[in-house]
Amino acid sequence: DLKLNGSGASFPAPLYNKWFKDYSKQTDGVRVDYQSKGSGAGIQDFINETVDFAGSDAAMKDSEIAQVKKGTILLPVTAGEVVISYNLDGVTELKLPRDVYPEIFLGNITNWNDPKIQAANPDVKLPDQNITVVVRSDSSGTSYVFTNHLAAISDNFKEQVGGAKAPNWPSAGTIVKAPKNDGVTATIKQTPGAIGYVEYGFAKLTKMPTALLENQKGNFIEAGGETGASALATTTFPEGNLPNSDVPDLRAWATDPSGDDAYPIATFTWLLVYKNQGEEKAKALKDLIEYMITTGQESSEAMGYIPLPENVVEKVRNAASMIQ
Amino acid sequence: MNMQTETGEFIAKKYEPKGPVVLDCYVKNIYYGDFRAVRDTTIPVEKNKVTGFIGPSGCGKSTVLRSMNRMNDLIDSFRFEGHIQYHDHDIYSKKVDAVIVRRYIGMVFQLPNPFSMSIYDNVAFGLRLNGYKGDEEEMVVKALKRAAIWNDVKDKLKNSGLSLSGGQQQRLCIARAIATEPDVLLMDEPCSALDPIATRQIEELMVELKQHYSVALVTHNMQQAMRVADVTAFLGVDISNGGRTGYLVEMDDTKKIFEDPQQLLTKQYVRGEFS
Amino acid sequence: MSQINEQILPPRINLPSLEKNVLELRALKDFFLTGLVWGLAILASIPLISVIYMLIMEGGARLDFEAITALPPAGFETGGGFGNAIVGTLTMVGIASALSIPIGTMAALYLAILNPNSKTATVSRFLSKVLTGFPSILAGVFVYAVIVITTGTYSAWAGGVALAVLMLPTVTLAAEEAMKQVPQRMKDAAFGMGCTRTQVIFKVVLPTALPGIMTGVILAVAGAAGESAPLLFTALFSNYYMSELAEPTASLSILIYNFSGMPFENQIELAWTASLALVLLVLFFNIVARVVGRTKFRE
Amino acid sequence: MVHDPFKDSASGNTLSAPPSPTDYMKDSIFRSFAYFCALSIILLVAYIVFELGSQALPAIKDHGLGFITGTTWDTNQNEFGVLPEIWGTLYSSLLALLIGGGLGVAIAIFLTQGFMHAKVEVMFRTIIELLAAIPSVVYGLWGIYVLIPLIRPAAHWLHETFGWFPLFSTDLSGPGLAPAALVLAIMILPTVAAISADAFRRIPYKVKEAAYGMGATKWEVILKVMLPTASSGILAGLVLGFGRALGETMALAMLIGNVNDISVSLFAPANTLASLLASTFPEAGQIEIQALMYASLVLLLITFVVNVAGLAVQQYTMRKFEGKK
Amino acid sequence: MNMQTETGEFIAKKYEPKGPVVLDCYVKNIYYGDFRAVRDTTIPVEKNKVTGFIGPSGCGKSTVLRSMNRMNDLIDSFRFEGHIQYHDHDIYSKKVDAVIVRRYIGMVFQLPNPFSMSIYDNVAFGLRLNGYKGDEEEMVVKALKRAAIWNDVKDKLKNSGLSLSGGQQQRLCIARAIATEPDVLLMDEPCSALDPIATRQIEELMVELKQHYSVALVTHNMQQAMRVADVTAFLGVDISNGGRTGYLVEMDDTKKIFEDPQQLLTKQYVRGEFS
């Protein structure tokens, strides 16, 4: 029996778990398991070689890749949006302008009835209630994408926090931390007046309301398959290879997409695999990846993820063929 | 010479006290649950005398003694019939608070049982309990001196009471009991756990103490009774009817009890023919 | 009559008045304090009862065959259970017991009988006491560094060893205590018959102390079954039944930790159900310990 | 054969014989094995300290004592300080000790000093002891779903009304110090109660008797005699409970909010050393691991100091109250 | 009459044994750590006699007795100077294993200490230990009969040894000790925990036993020594130089010791003038 154990990003975890379960069921002699821990932990497991593969939605930094002795291949296998979800009684639609939501996460806007929020939502009765900001306690790709986006649209945020997997959030008594996308979602759900950022699928599956965010073009966009796909449509992958390697570099970001109807925060999420391992495992991995980028893509949208564009699928298949 | 109750049980001739009586004790019956432990026992404890209790094991010496300050109230199954007159009050009357009784009628136990606190605090315990407002230290020193232990402990009043030897612990317990100047001191085999030298010291102390207090002393050691007690009560065990009930056989001046007892049982007992 | 011993005594402030007085400060204080402990006891019972109530109400409904045999559901699925976590917990507790019970009992023999006053015994005893206060998460950190990194995988082994580190001092101290309870005069009797130390141990000390040792051991086992922190980075978790000891392994406590932080109703229900199962498991060990302990020899 | 000098000269009918060679062999093997096992505990502790210490060494060199006074934990800048975690650890544990310890001792008194019928007492005691065995994740789960929703309104009211008072200076949003400390208190309560009750039960009856004989009321007996006499046992329970609180991980990771702030407010989120380890260790890179090992050492040191101080104070009270050397 | 060591300490005149000696015991010094517990004590234990040890508490009776089969080896601080000749060998010589010594020289303790196993197993314990190959049951029954407890237990050999009364337990312990027919039986106050009736039974048993064994008996009860011992050793305590060291004051036939002691100390002690 061949076992492939992976760990890492919680962002794609619901989708991965479905894929791996289905794949294991239909494939004799192969069992794939994935533990959602957060991208940082996945990368670390990958570096420590305590897993066979890992997941990360912050891909890997060059310095991290350099630590992997067995060689690294980074494969975008699905994509998704980061949404801002909230818990406010009776408020089902909330619009958040570009100059507002970074300030909330900086702890500068602390009450729901702040004039700035109210101005953007004239039809909504916002309560006089403190805002509890829920962020990630672990090192997270979701955080990485979210804070990079905030840093791109707010100089204030860029200066004070910046983009990172484990950002140094300002210390204000109103910020609480929770692990993984699951933890943030749960905490928002349990805390009246809370706001936080999670992968779209989590909000969708738990029926949490998500805010409409103002994009580069000034439109308030709701998260969804099409708006997410349009956000990623403009991203282009770099030409070259990963450092000191012949593996193509498939890292690309859309920190502030420019499309009219593009949802502003969207990202690929990557599967981290070793370039060199036993033949048996290599074969199984290639087969698994083929499954993910073909059959797998069919179930993405229903679970709140964005199917890979056809050209990306081809790139991934190419890179995956280098697994040994 | 024999006296009997209506039911035909023997009762002792009443001992006529020669001096004032502090604690006039009449036990009709004492039960532990269904078990009748003691019956028909009249013992007047005289002022400034040592009243000794002797008798075979299980005859109820401790039971009677512990009834005298209501210590036995702590035992759920205990039931007392009779009366114990202390000054104007029957201490078993409903209105009387056992806690207060015990403050006037002190007790020294078979095994030395100092509290796990300093020697000083042990003795001051009763004073504090009684809300004594005067010079505490003076009273503590006085009690320690009276209990003939002052010389042993004067340099280490802060040490734990448990750090003393057995004989010293027993004298400490006596000091603790007399610090509040109780009227009556009940002592239940206070020397049984002690070596002979310590025993001798406590015996001397008892003779001393009776100048200030009235003492009731239970002992299983007849020599001790002879040496210490002014008056001695001999309790026997009545095993008729399948029971094992203690009762007063004879009470008299100690000399009389040991040299010229009126009851055959007493005679046999003090001669060591049974035990 | 109230001038007892007047010539010696300082004049008594209060003459013998033995009557009860309900309004006296002392009586009021007693009354108040008794009310207070009753109050505190009830107060303390509330959360404890609430925990039990929640376990039964929230966890009881789902505790069925499916729950204790099925595999954990993925985020959006319904149904599922924690059969693999039960197996994993039992396996790792088994490994921990197999390691810590013999070593702990033997060490206890050394501490209690063979050489109680030696330097080794004194240091060992002291360190055992310190180890009982050892934060359990550090056992995980330690075993991660020593085993997970070197073997290259999270495993039931690593989890078991981490639990063993936590059980060892508990077992040692409990067993030593039980052996010390064997009356010295019984040991004297055996020595006096001409037993070697080993014979004293096997013929007298162990048979006599066994119930006590068992109690300590089972309580340690129960404690280990409920541990989660040391498993976090040693056994990790798995969504499948385990098929070997050298792979990531599920456990009830980690499942509860993971599921309780999830936003999905199904998982939260299962977290409660798994909690109930875990408590029942621990309870079972406890009751066994108590029954064994009750047969403790009486003099 | 075993040398037996007496066999020939002892009286003819004696059955006495020396131990057989196998007996001797078993004896020596068994004894060396037992010795090795006792030694293994020492080796284990030494290995733990060595392992954590050697991994922490680079961090100790880099950060020195600044690690203990530093207040930021920033992987991006490689800036590590654990003062907030030390604060959170001690603050939450002390609060728990205050509440759980106090209640625990009260329960111990309630259990042992004849407030109920003996049979009820046994039942109550069994329940308390069983509660000591409930796993901490279960308490964590209960904290999230029962305690936090329950105390949120009260906390809100306290904040609104007494917000000027430092303890209530923030509002409780969800996870935070108060729920964490309360759950810790509930967790250590059974431990403290069980051990203290044992200490009370060990007091010989004669001590109680002496106190009643002095004319003490029930409560005077309990407070003035039983409590001091049981103090070293109670202390042992408190130390064990405090130690458990210091090292508790999962329930806290679930309830405390994991925020590296120092605040006296009961309702502010905080962090502890153990939950820092739990949440950060899996994802830590080399440098951060070294810092975390340093943090482990700090936590180990705190528990060590608490335990040793506990043992010392216990010995002191034993000497003071019981005259033992 | 007084004899002295070089340092001026008193040593007793040597008792000349009249029969064969089983255990020739010469204690120069026994230390517990720095504390000298016993000095200059020569006691020959004669064959088929009861050798009694009397003396005030703390004089080292138990210490000397427990040295005789190296029981005291179990105490870390214990240090023995002198020699104890058992047949041809000094049991304290390096070549001798204490475990073997204890198999030949049995011991009965102050408090009855049966093992928590069945009555039968208690007695068979020594036989199994010594690898006895013959008819175990026969030997067990013989030992129980000799220890005068057969009638009490014959119907319940499977019951726990702990289920017996104190006096029965003590006789069981004696049966256990004699089952392997040891040469010498050491008994350390074997009756101190027993009631008078049980005591009397054990005393009769000791007189019986000496026909088969040589017995050394420590007792604090002088009447018992008079009733049971053939030879009596009186140990005193030397408190000169601030120490508390036990030493042999006088040893002689029991009659002589109690009726015509040669030493003043002995005289005072047996008369009960100090204790």
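First chain written, first letter: the chains are A, B, C, D and E, and each begins at residue 1.
Just so we're on the same page, contacts are C-beta pairs under 8 Å (C-beta built on N, C-alpha and C of every residue); 3 or more make two chains touch, one makes a residue touch a chain.
Listed by chain with UniProt protein names: B, E = Phosphate transport ATP-binding protein PstB; C = Phosphate transport system permease protein PstA; D = Phosphate transport system permease protein.
As the structure is a computational prediction, the values presented were derived from the model and not from experiment.
S.K.: In terms of touching chains, how many steps apart are chain B and chain C, taking the shortest path?
M.R.: Graph distance in the chain contact network comes out at 1.
S.K.: Going by the touch criterion stated earlier, list every chain that contacts chain A and also contacts chain D.
M.R.: Of all the chains present, those in contact with both chain A and chain D are C.
S.K.: Once you find the CA centre of chain D and the CA centre of chain E, what distance in Å lies between them?
M.R.: 50
S.K.: Distance between chain C and chain D based on Cα centroids, please, to the nearest Å.
M.R.: Their C-alpha centroids are separated by 12 Å.
S.K.: In whole angstrom, how far does the Cα centroid of chain A sit from the Cα centroid of chain E?
M.R.: Centre separation, chain A to chain E: 86 Å.
S.K.: Could you grab the centroid distance between chain A and chain C? Build each centroid from C-alpha atoms only and quote it in angstrom.
M.R.: 41
S.K.: Would you pick out the residues of chain B that each touch at least 2 other chains?
M.R.: In chain B, 100-101, 104 touch at least two other chains.
S.K.: Give the residues of chain C that touch two or more other chains, as numbers and ranges in rising order.
M.R.: Expected reply: 194, 196, 199, 261.
S.K.: So which bits of chain A are touching at least two other chains?
M.R.: 178-179
S.K.: Where on chain C does chain B make contact in their complex?
M.R.: 1-2, 4-5, 8-10, 12, 16-21
S.K.: Where on chain D does chain C make contact in their complex?
M.R.: 16, 19, 23-24, 26-27, 30-31, 33-35, 37-42, 44-45, 47-48, 51-52, 55, 102-104, 106-107, 109-110, 115, 126-131, 133-142, 144-147, 182, 186, 189-190, 193, 217-219, 223, 239-240, 243-244, 246-250, 253-254, 273-274, 277-278, 281-282, 292-293, 296, 299-300, 303-304, 306-308, 311
S.K.: Would you tell me which residues of chain A are touching chain C in their complex?
M.R.: Spelled out, the residues of chain A in touch with chain C are 1, 3, 5, 7, 13-14, 17-18, 21, 24, 31, 33-35, 48-51, 178-180, 182-183, 185-186, 188-189, 202, 205-206, 208, 303.
S.K.: Please name which positions on chain E make contact with chain C in the complex.
M.R.: 69, 71, 74, 76, 99-104, 106-107, 109, 111, 113-117, 125-126, 129-130, 162, 173, 176-177
S.K.: Looking at the complex, which residues from chain C come into contact with chain E?
M.R.: My answer: residues 117, 183, 185-186, 188-196, 199, 203-204, 207-208, 297-299.
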